[in-house]
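Note that the chains take the letters A, B and C in the order they are written out, and that residue 1 is the start of every chain.
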Amino acid sequence: MALNYDGVIEKYEPTLGLEVHVELNTNTKMFCGCATAFGAEPNTQTCPVCLGLPGSLPVVNEVAIESAIRIGLALNCSIAPFSRFARKNYFYPDMPKDFQISQYDEPICVDGFLDVEIDTDEGVKTFRVEIERVHMEEDTGKSLHVGGSTGRIHGAEYSLLDYNRAGIPLMEIVTKMIPGTEKYAPQVARAYVTELRDILRSLGVSDVKMEQGSLRCDANVSLSPRGSGKLGTRSETKNVNSLRSVERAIHGEMIRQGNLLENGERIIQETRHFLEESGETRPGRSKETAEDYRYFQEPDLVPVAPDATWIEEIRASLPERPSVRRKRLQVEWAVPDKEMTAMINAELLDTVEATVKLGADPTKARTWWLGEISRVANEKEVEATSLMNPAQVAEIILLVSSGELTDKLARAVVEGVIAGEGSPRDVIEKRGLKVVSDDSALMAAIEAAIATQPDTAQRVRDGNIPAAGALIGAVMKATGGQADAARVRELLLQHLGQ
Amino acid sequence: MASALANKDVSAVDLANEHFARIEEVDGEVHAFLYLDKEGALSQAKSVDEKRAAGEKLGPLAGVPLALKDVMAQKGIPTTCGSKILEGWRPPYDATVVTRLKDAGIVILGKTNMDEFAMGSSTENSAYGPTHNPWDLTRIPGGSGGGSSASLAAFEAPLAIGTDTGGSIRQPAAVTGTVGVKPTYGAVSRYGLVAFSSSLDQAGPCARTVLDAALLHEVIAGHDGKDSSSINAPVPAVVAAAKKLDVKGMKIGVIKELGGEGFQKGVSERFNEALEELVKAGAEIVEVSCPNFEYALAAYYLIAPSEASSNLARFDSMRYGLRVGDDGSRGAEEVMSLTRQAGFGKEVKRRIILGTYALSSGYYDAYYGSAQRVRTLIMRDYEAAFAKADVLVSPTAPTTAFKIGEKADDPVAMYLNDIATIPVNMAGIGGMSLPCGLAPEDGLPVGFQIMSPAMKDDLMYQVGGTLEAALNAKWGSTLISQAPALGAK
Amino acid sequence: MAAISRDEVAHLARLARIEMSSDELDHLASELDQILHAVDRVQEAAKDDVPPTSHPLPLKNVTRPDVVVPSLTPQDALSGAPASDEQRFKVPQILGDAE
């Protein structure tokens, strides 16, 4: 009988490990002055250095070092007073030198941590993910495989290589082994990568787009039989291209490994490839012999010894941590936990904040964005922010609070803006949606309503306030819903002696 | 020659043509050159002549011809590093050294022969056949830069550029009776120097006199932003030092371990006579001991091949160079392996495997790691020695030029040629070889090595220049004028 | 006692991507054996309290500004290529996944 996820968790404890590669958004490559702009024609952004031509030598990009330090500090790491580059030697056509310049036993940042929050059965819990190291390295070129039946790498006839991306600066962030996540391992993994992504974005060091490859995640997981005290063999899963995939990959791997172990089989330490469609993993190319990278210090580069004063300057200039910012906003805006989580998950926090900054009330801003606008966005299968912008929403909210629009009218304005009828003012003009607040106009409508419902009016005069509802309704209908309902009620009751 | 050019007694074009004629005359026997760039050289020469005629101020070496070791990238010119794997490769860029030579108006005649990827001490490891020593064509000209030194000794060029990782400039200079200098590590840019052992490689000037070498030194040395290991300090005044002709009060340290047993008798004799000249000129000889030097050779033969095994990995047929076996039935890995098998010579393969071994997991600490510690010990020995003396000296090589083929099958014997030159590279200091006579046994040139502390290259030029003048005075002529004339009379 | 076996040499040749014949492997094994015995002595010299030197110069923090510099033209970049197509380097089929 195959075990499902719960079945696996009952018998086994997971240990997690996450390796994230971040492409920096520097102007030039890690070791040479070639441009890094995306989408250039093949091999137009190469030079002797990033092509690895005989005689070429690397020179370190100063911004890459600063970015590495900023990332390390944001992750609570110690910055090594002395760190070195090393060569990782292996042969592959997308590597121009057939070695990668990376860092080995002397990385620039070590021993950090990141706290992430996840929803558990017992409420929101904080998990500390310990970070082993952050180090600098260079990216490879890109290969296109031509021929073969599927165009996939196996069965290709030949390959075409573009070295534009060779040498792009990469930061590798490696966690320590993460025990104790229990059944929440997939969520912890996802939350970690999400938080990491948000921090990197706030630092401005990368555009962190997983779908485009500027943020890459390798997920490692191993299972240990409960009570055995022995760590299991781990697998490494690559090709995890979205936050959701991080969660699914860990989930899927745990089930696969659990079932293998149940059948008495061994887990092979291997690299696996995540399959989007099924949520499962398949083995990567199996290697007969493990690769021996023969690491040694890069003799063409000198050590990096950042000045302590400079490190403190960087520390002082770090932006507010996303989690700190979220907590602050939650308090400022008095948002309940569940609503806060919803806003974060919908990735609308920044948008709501922008709207609030333009003068909108936070609760109203949140309600509009997560309510009506998101509803339409989901229907149309687009991003909420593609339908409207914070300025428009803020304007509408302010119009309501000033009384020029009612909530009902506001909804019609939103509809009009989304439909492309123009700005909120344009829509109001075109559709004639202004609130009728002119007392004389209202009185006219009120008197007309009383005239058509004299018995109801009398009931109100006699003290039956709720009966006024029918009269108010009639006025609203007569004004096409544009009367200020509250004002109508006020005037009506006043008029009827209440 | 430079003054003749400056005085317009001769044009650069004529000078270039004279040298090409000489090369044509003798290089069939010497085989110093792998490629001649007549077009480029004459175009450069013409440009220099035109500028001079127009009254422009030119550098001291403008219009002087030069031979370039084929390990330096020269744009559009075949650069083989003495290997089949780069046969026909034309770099799309110039090494920094080459740019500086061109900017100085120097006329690069062509590329010279060398041991494949600078691995060797005899130029017998070239995939294009050995170079022959002009003093005795049956003998080696030294290595790895045998082509450069031979071209000087055969009067095919007055200047040359070599590179030195374990003695590849100095040992050829010694056995060909010429001057060769390895500057302090980092003094000359390595950008464009095809790497053999990155922490040891250094390009340097080769010439027939100490002053010529100094002039060339000042052209090529200096900080380069493209080389992270480049020294960011002014070039020492080596030309002024070479002209000083004074060593009064200087302390010359003789390294006990680099001499005596294992050194040819005639070599030691000439070395000691040279020491006497220095004493006559007012210097004091002190004996120093560098006990860790006995491990230098072993450490070198772990460090250099290790770095080389990594540096040479890029020759995989994917982007440039030889490609073998790509008939559509083979994968990339197989084509890489077949190419490297066919393209690399025996010595290169031997060192790649040795280096791969020394770096591999399980062996790193015992081999590469230990060798790096020995390096520290050697640097400490030099530090202690330089506390007692201004410069240190030794014979450059243990023997004079041996016969071609004599040591080719005995790698360990071959490696011993570098025993006196290797410690200099290990410590990163400066080293020079200049001729100090012909060995009585065989009439072949003997080299005198001067070592100066890091960043103080001027000291070796000062002592070298003084010694050269003293010896020339003693002989009544320069040593090189006694070299066989070669070619048709 | 041999310092290095033929099998080890074969493994190293694979790591270094050099195809070697059986004879070559044998020959190389015995040559390397000699060399390794000669270089074994570094282990006696270097004790753990001696720090290793990877660099003769005391340089550090050599960097360059993050400013774009002209690249090679694609023609120059591809000038040495044994084969090329669509402005890319054409290489034999690559088996297996990237690292």
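The criterion applied here is as follows: contacts are C-beta pairs under 8 Å (C-beta built on N, C-alpha and C of every residue); 3 or more make two chains touch, one makes a residue touch a chain.
Just so you know, these numbers come straight off a predicted model, no measurement behind them.
Peer 1: Would you mind telling me which chain pair, B-C or A-B, is linked by more contacting C-beta pairs?
Peer 2: More C-beta contacts join the chains of B-C.
Peer 1: Where centres are the averaged C-alpha coordinates, which chain has the largest centre distance to chain C?
Peer 2: Of all chains, A has its centre farthest from that of chain C.
Peer 1: Can you compute the centre-to-centre distance for chain A and chain C, using the mean CA position of each chain? Integer Å is fine.
Peer 2: Computed value for the inter-centroid distance: 41 Å.
Peer 1: Taking each chain's centre as the mean position of its Cα atoms, how many Å separate chain B from chain C?
Peer 2: The separation of the two C-alpha centroids amounts to 23 Å.
Peer 1: Chain A to chain B: how many Å between their CA centres?
Peer 2: One centre to the other, that is 58 Å.
Peer 1: Mind pulling the residue numbers of chain C that touch at least two other chains?
Peer 2: Where chain C meets two or more other chains at a single residue, that happens at 15, 17, 54-55, 57, 59, 62, 64, 72, 77, 80, 89, 91-95.
Peer 1: Among all residues of chain B, which ones touch two or more of the remaining chains?
Peer 2: 89, 91-93, 199, 225, 228-229, 309, 313, 316, 318-320, 328, 332-333, 336, 356, 360
Peer 1: Please list all residues of chain A that touch 2 or more other chains.
Peer 2: Where chain A meets two or more other chains at a single residue, that happens at 48, 51, 53, 59-60, 91, 93, 157-159, 161, 292, 294, 296, 299, 301-302.
Peer 1: Of all residues in chain B, which touch chain A in the complex?
Peer 2: On the chain B side, the touching residues are 72-73, 79, 81, 86, 89, 91-93, 95, 190-195, 197-199, 225-229, 306-307, 309-310, 313-316, 318-320, 328, 332-333, 336, 356, 359-361, 364, 368.
Peer 1: What part of chain C is in contact with chain A in the complex they form?
Peer 2: Residues in contact with chain A: 11, 14-15, 17, 54-55, 57, 59-69, 71-74, 77-78, 80, 85-99.
Peer 1: Of all residues in chain A, which touch chain C in the complex?
Peer 2: For this pair, the touching residues of chain A are 26-28, 32-35, 41-48, 51, 53, 59-65, 82, 84, 90-94, 140, 143-145, 147-148, 153-154, 156-163, 238, 271, 273, 284-285, 289, 291-292, 294, 296-297, 299, 301-306.
Peer 1: List the residues on chain B that touch chain C in their complex, please.
Peer 2: My answer: residues 89-93, 185-186, 199, 225, 228-229, 231-232, 292, 295, 298-299, 301-302, 309, 313, 316-323, 326, 328, 330-338, 340-341, 344, 349-350, 352-354, 356-357, 360, 366-367, 369-377, 379, 411-412, 426-429, 454.
Peer 1: For the complex, give me every residue of chain C touching chain B.
Peer 2: Going through chain C, the ones touching chain B are 4, 8-9, 12-13, 15-20, 28, 31-32, 34-36, 38-43, 45-47, 50-57, 59, 62, 64, 72, 76-77, 79-83, 89, 91-95.
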